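Here's a structure for you.
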């Protein structure tokens, strides 16, 4: 249930109605939408409350049903797209933000070199893993905090934002100190403890789709974050697992228009993990731009074949520069 | 193994070498590529033949290994894209052919009305089912030959080509009389009897991907047709089955660049079956155009909700007209 | 809708009511169940007919709704299991019929040798492919009619029934002359022309599940056969395609209890194709027996590694003999 | 690489060789196998070490290659099955351990009541969730520590072991205080931080298969635990996600013989989550027993339809009692 309050109510009037709802065993979460406050009822014995009764409250303009399980993430609650603004850079405003960088941060020199090149080619965000979720415990697990430090200086030196993954709930504040966007990887999409923790911090989160998650499960994972208070969420389609083995994953581009219909959060596409093959990154980026993605996350390496991880899908900075240009050309077509 | 013959050999010289190979228990299929004849060795005891020995034949320029199981369909055999020309209309030449029409041919009037509208909106090919593969034996099975007759006159009246599906090997010549392109549906992708029969007729064939076929199986199905003599083949990506139930299928756009790398046949995309949802047809068409599809097949109905079959995915002719325009704008971006 | 007629009605009384229903635009299919005739209404404008009105007919005992799309295959129509009897051998009576033999019939000698061994080990049915659905047109396509002839004599010499696959609708009567059960392979599960043709002949049919068919689609495929008049149908679970690549397919044993709840047809399990690995055939056979399978179909070869097709999954006759014994022991546990 | 040391070496001799390997940049993990110590080389520049050289060490009996990525979990390292013994109860010794209880611990009374009933019916382990991984943040999240306390007293009162899930790395020691086996749920199978933490505690762990994990990924997840020092690991097959929607998941019983061939850890089967349907729990349990499962985990509730979570798959204690009997009968068949 979504309760739309009358225009320009005072903060104390809003508090009053939230308290009144509490006394009826209903937990309400407020959200500004234009000049109105919307209240989502996220918990409570809704079947015992009459719409009619609520609609008669003097502060209430109207009451809408909200049948979806995800409330704060739904378009019913917030019909306008969420635009996330970080240091002046907007995500979700109709443009296509370009996130680029190596799979893993391998050394200080490497991340500085790549940061300079992707910045020059048109990236706004530097990506790079410091804590790496590797299938085997014997594979390179990332440089940890040192990696984050190198990344921060590389990003700052090139006027880029920084994004990196957090895997351990105990590292959330550490990672948050260094990056502008915290990434939740596919394997942790339903790590509910981690999601709840990320809901309590004032940092944008990019939530990757699980390897076999449905749209609904993915949105419910976003709802975990939102229900703890953090509304700066991006969703990132990165391919699902199917029986096709030629590609690493099957990139499900339908996710973009479907999610943009169901939720107000921006939707990013990762064609690198989504295909696993270097030659497919450019064409898939164009397709993602054409279908309306709010951003692209691409693995770029100065020496792709020497990348410590995911070598087969990394592209050269020159290819990235070419992609940026064509993506921009596609984005302006009406 | 692919044997490239010297330039400008006479037909009888080619015959001579084919006979020589036959005496070595090797079956060769010839193909013109620029000024050369390429011979694909499709059957035989290849492990007992020395490359070296073959390379010494006076007619032979060079011998290439062909490790893929699909021979005639491979880029090794024919490196240049196959352009299929039907009544002056080209498919595979870099443009994006638009195939549109109802799921089922429902009546003479219906197909004429829709044909006129899609022609006006920019379609080159009229689609419509006369023999319908329905999950239930109690569902509408199509108008059969009468439907094909209505379709032919509707196509001719609007200067359109016609495409329709054949399901029964005994109907191949009948369907071939009425349409310009014969479609093999997803459920029949590995109906090998049907594929062999289609290999013997002088009609272009559009082969849809099976619901859970890999790229390799799909190309081997095309090879069944090609190995019987018909090289006018289009491949049509129409979505695969995954665990995601929000959409009818998961449209796998990576198929387009992958196939265009592996084979010389044109690749068409069907966003109607590929998503099953009307609202996704336009965005997915743009993505398909951006990723390099050679054509689109779209279900169009004057009264989409009243469509006898697949009502949820049919779009209105006006939406189709809008799609054609934006697809053309995307196609010209360098 | 299922109409249960009163006990012991005369044939002419049944005809009368079928005609009466026809005049109401309802097509009815009769089936004996104990002393009653059940009529399934398979086509017609059911929403315009009142249950109440039909229940008042003097011949009618009661009228049941039948909400499932499959009518003749449903337990509502025929609550008792269908027992198929062929030359005295029963399938579906609670026992576990053992079908065994080579993937392909390779020669007269081979099929005779294997037939003798599997008969001795406890098989009741000889399997073997004469028309082979191969992914590649260049692979061995089977011995055709000669293979069927060898198989028939081998089966007769060892007092076995024979089962073999038909792929081409034009071969149905040919195959029917030689074998006792006609198999429809996974790739042809939705070859509706073939299913309809098999509905018109007096031979039991074993319908394999498609590689990515749901239970509902599979039952609707059976309904195609039943709706054309042939009720001697077995369903064969042979594994579905998943992302797991260690095994050839994922054998879905839940299919056995689910189907036995939804339909009256016997359910067979094929652990050879269902796993693709020799070492898994025995354990999976025991699991299938424990879950209630009405039969097992197993690939047996005297020299498994030399099998022309599917060598990795064929087992030796000695292993087969061991399986038969343990399967029988499991079957008798209450 | 696995290094098998000579019989009955002293602890100091083993230390010496481990140190020697360390000086060669090789990290070795020891394991008793019969009278020998096996050393798995889990990290290091193996390509620069000669087998020959190692084989000449006086303490070494022989050196085996270990090509699999999972080392400590492999049969090469430890050819005999791992038998986990907890308070006298053995898991992995050829018997089939029965774990039963409610999906969620709902109250002190509920868990005591069910514990008594399942103990009487033949269970050895009490299951029940205190921390619940729920798709929605608004669903019941479990009773937390109070639930664990109720569970412990209920288990003790009925002479049962207790198993419960941990979701948060910060709760590992808390959960470990109350239960005998710690469960890692499907959604956390690749929560590598959690796995590493569980590797450091002296408690057996049951690792459920991820919803779309391959056998290899699952074994690598087990290797994360083992590589941190905890070898008391059970693997639990609980169904994978496929396109079939009739059942909640597709229970992949081939996992049992495959894993028992690749690893020495016991394999448990969960037919409740594996099918999601009450009617399938008993037949699937029989199949699991017949294929060689080392245990079953089953959701039992005194009032199945009133279960707070997973109501559709919970069975009544009477059904459970029946399952125990038939499972035991199947287990003794040779």
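Going by the order they are written in, the chains are A, B, C and D; count residues from 1 in each one.
Quick note on the criterion: a contact is a pair of C-beta atoms (placed from the backbone, for glycine too) under 8 Å apart; a residue touches a chain by one contact, two chains touch by 3 or more.
Note that the structure is predicted; figures quoted are calculated from it, not measured.
J.: Can you name the chains that touch subunit B as well as subunit C?
T.: In this structure, the chains that contact subunit C and also subunit B are A, D.
J.: Using C-alpha centres only, name the chain that sits farthest from subunit B.
T.: Chain centre farthest from subunit B's centre: D.
J.: Are the interface residues of subunit C and subunit D largely the same numbers on each copy, more than half shared, or largely different?
T.: Looking at both copies, the contact residues mostly coincide.
J.: I'd like to verify one number: the distance from the centre of subunit C to the centre of subunit D, where each centre is the average of its C-alpha atoms, in whole angstrom.
T.: Averaging C-alpha atoms per chain gives centres 38 Å apart.
J.: Once you find the CA centre of subunit B and the CA centre of subunit D, what distance in Å lies between them?
T.: The computed centroid separation for subunit B versus subunit D comes out at 49 Å.
J.: By the touch rule stated above, which residues of subunit C touch at least two different other chains?
T.: As it turns out, subunit C has residues touching two or more other chains at 212, 216, 241-243, 245.
J.: Once bound in the complex, which stretches of subunit C touch subunit B?
T.: Where subunit C meets subunit B, its residues are 42-43, 69-71, 133-138, 167-170, 187-188, 190-193, 196, 210-212, 216-217, 220, 223-224, 227-228, 241.
J.: Quick check: in the complex, which residue numbers of subunit C touch subunit A?
T.: 212, 241-243, 245
J.: In the complex formed with subunit D, which residues of subunit C make contact?
T.: Interface residues on subunit C, with respect to subunit D: 212, 214-216, 240, 242-247, 250-254, 256-258, 261, 275, 279-280, 283-284, 286-292, 326, 329-330, 333-334.
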